[in-house]
Amino acid sequence: MTKYSYDETEAFKAGRDVWFEMRGPKAAQALLDQAAEHEMTRDLRQFLFEHCFAAVCARPGLERATRSIITISVLTALGRTEELKSHIRMGLNNGLTREELKEIFLHGGVYAGAPAAVSAVRAAMEEFEALDKANPQAKG
Amino acid sequence: MTKYSYDETEAFKAGRDVWFEMRGPKAAQALLDQAAEHEMTRDLRQFLFEHCFAAVCARPGLERATRSIITISVLTALGRTEELKSHIRMGLNNGLTREELKEIFLHGGVYAGAPAAVSAVRAAMEEFEALDKANPQAKG
Amino acid sequence: MTKYSYDETEAFKAGRDVWFEMRGPKAAQALLDQAAEHEMTRDLRQFLFEHCFAAVCARPGLERATRSIITISVLTALGRTEELKSHIRMGLNNGLTREELKEIFLHGGVYAGAPAAVSAVRAAMEEFEALDKANPQAKG
Amino acid sequence: MTKYSYDETEAFKAGRDVWFEMRGPKAAQALLDQAAEHEMTRDLRQFLFEHCFAAVCARPGLERATRSIITISVLTALGRTEELKSHIRMGLNNGLTREELKEIFLHGGVYAGAPAAVSAVRAAMEEFEALDKANPQAKG
Amino acid sequence: MTKYSYDETEAFKAGRDVWFEMRGPKAAQALLDQAAEHEMTRDLRQFLFEHCFAAVCARPGLERATRSIITISVLTALGRTEELKSHIRMGLNNGLTREELKEIFLHGGVYAGAPAAVSAVRAAMEEFEALDKANPQAKG
Amino acid sequence: MTKYSYDETEAFKAGRDVWFEMRGPKAAQALLDQAAEHEMTRDLRQFLFEHCFAAVCARPGLERATRSIITISVLTALGRTEELKSHIRMGLNNGLTREELKEIFLHGGVYAGAPAAVSAVRAAMEEFEALDKANPQAKG
């Protein structure tokens, strides 16, 4: 049993559903429970479900893989490395290939500066390594 | 006759070809000639063809419309409004619709902050108005 | 009658109410109607009400003037000048004084770089002038 | 005895006094001595006292807690995580509560992008944990 | 006679002297008087003299032209166009050539993204044109 | 033998030569081989040689030490710490002194915000320590 509970609004549930699909249900549930241990992380998670994942990822008009491309491009440009890693993983789940990710980083590096590409590649390599360790047969 | 001339390297020509297709040949030629009036703008244009348009837009691995999505996402995130306008126009030429652009801006606004969406929408509205004025029948 | 209509969700209405109070009802209504002329601006406005103004400005836990300080600090840091102007006006309506705004800009300039202070002051001076012209007796 | 010494200008002393109050005298003195071991860190510390802490934190016109809100908002927006941690600690000493910090981060996340909120919350959680370990009874 | 007066501290005078040399005495005096018309701009100017121009430009250790290179690189990277224009002018007064400025922008564009170079070049072209108009014989 | 091989274009070779000189041949070769183990890092390295090091560092018009000043100023402003460390090392090889680096960081901190100086100094101290450990007699 977790310490704090979420406010199960319609928007929360819509955001959570999207996130569970994109993140994988097992890892998602673990992170959700962990966030519920503190008021600050619970409120952040509630906010992210309602105002990020429900607000845009659940909108029609763009395929989910395309939304991943936008998110990853923005995070590459802004140098938000920790968040980028988590969206690289979700992007792969949404159907992006490692080759496409590589192209996003190099392309982004032209418009946001070469160091943006360098640190995105570093983040991706760490994430790929973690994925390959967890699932050696799927190695990309 | 323009004051300075370009160095017609392979990379320059590859970049120029991509840019002419994305920008429309007539406007592109006019901008190219105008840039050749000054050493600084000529060198910038030479640089952009070789190291932006040839370097990434001519690479395989992603469709041109997808490359526009990346560029537009990055420019939205970084608040580079003037450049954004020019890439909105190229994005439409690459096959993006106005509805898709709208989704990119709203989605980008979640990850780069709401003001990023506001100023991208303002830039797009100005660009759409200019396009509709130039070509009233194609009004999107 | 406007061309597009808003989706009057609970979140939309909560955000609209906050915004009308902060922006002044007459100017707010005019901007709302203007935004309803185009799909892109209507959707942006809908998004801003639901995911900005309702999402945070209507939350308890901080006074509205304090929320203005946060918004203005962030916009100063990020150099989002157009948005900053609109939030300067709302900040004054939320009870901030011109002297407090000055302190925010100078303080922000130390942490985000002196040019951030310079362009925030320039934006504020334009906004003050517009306000003083519209209401000569309230000149601050 | 430290290797380099500070230039005890009026501005240096004013900045040092503010910083000692905000940082706590014991930790502040240790950091000051440590910085005096190298020319580069000594000069940086001298600069920060004169041109940050004396320049703005010692100015009248805003309460110290309000200045913390501005600093923390700017650092959240710019993603300056290491500096943010140190200002979270000073903000708590200046009277901000953990709940207020949470609101700053969520609010900032709307205007600077959700990843700004995520990494600010991560930084705060690390800082809270360190504080709670050092002082178990004051756990917030 | 101006409305507000400056606080003629040692730091203020040191910063003012540097700025007058870099900006040209006539233009500098006019801007100084103009800033003294409003409390906010007077305080900003006071702050800039004490904490920017006196704080770093008057320090030994780097030639003034080198300091201009740093400032211009930072402003190019951050997209602070208005401030960049004023520092381009000061950089020329500090001995930088237009060719060196061009190299700074192209080099900066690789590390901060091509749009940074594009908007720096646009700013420089406007500034050069203004300078050439004011002084037709010195045309660079 | 490495897994992937580089495409030895003229631009690649020009960029590689510059980089080997700036990075030191032994460390450079090791990093180059390591990057060739994965498609993503090989492509990034190929891209950096052709479009960064060949594109600008090999251009005439500025001394190499001056180019280091620009790069380091940009990276300080943008907070790209990992890349900054590598360019601090190259800057020292290009003839910059530790005192000059200190001045770049303090100067940059005025225009990009004090936290930019703080994290650049932290990065430099780590890099200096690593250099001094590897070569105790050259301690700067």
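Each chain carries a letter (A, B, C, D, E and F) given by its place in the written order, and its residues are counted from 1.
Here is the rule we go by: a contact is a pair of C-beta atoms (placed from the backbone, for glycine too) under 8 Å apart; a residue touches a chain by one contact, two chains touch by 3 or more.
Note that the structure is predicted; figures quoted are calculated from it, not measured.
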| item | value |
| --- | --- |
| Mutual neighbours - chains that touch chain A and chain B alike | C, D, E, F |
| Cα-superposition angle relating the copies chain F and chain C, to nearest 5° | 180 |
| Of B-F and B-C, whichever chain pair has more C-beta contact pairs | B-C |
| Reference chain B; chain at largest CA-centroid distance | D |
| Distance-maximising chain from chain F - centres being C-alpha averages | C |
| Euclidean distance of C-alpha centroids - chain C vs chain D, Å | 28 |
| Rounded Å distance between chain C and chain E, as computed from the means of their C-alpha atoms | 30 |
| Inter-chain centre distance, chain A versus chain E - centres from mean C-alpha coordinates, in Å | 42 |
| Touching two or more other chains - residue numbers and ranges from chain C | 47, 51-52, 55, 74-75, 77-79, 99, 102, 106, 110-116 |
| Parts of chain F lying in touch with chain E, wherever the complex brings them together | 51-52, 55-56, 59, 61-62, 66-67, 69-71, 73-78, 99-100, 102-104, 106-108, 110-112 |
| Sites on chain B touched by chain F in the complex | 11, 47, 50-51, 55 |
| Residues of chain C that touch chain E when the two form their complex | 79, 98-99, 101-102, 105-106, 109-110, 113-119, 121-122, 124-125, 128 |
| Residue numbers on chain C that touch chain F, as the complex places them | 77, 110-116 |
| Chain F residues touching chain A - in the complex, by the definition given at the top | 38-41, 43-44, 47-48, 51-52, 74-75, 78-80, 82-83 |
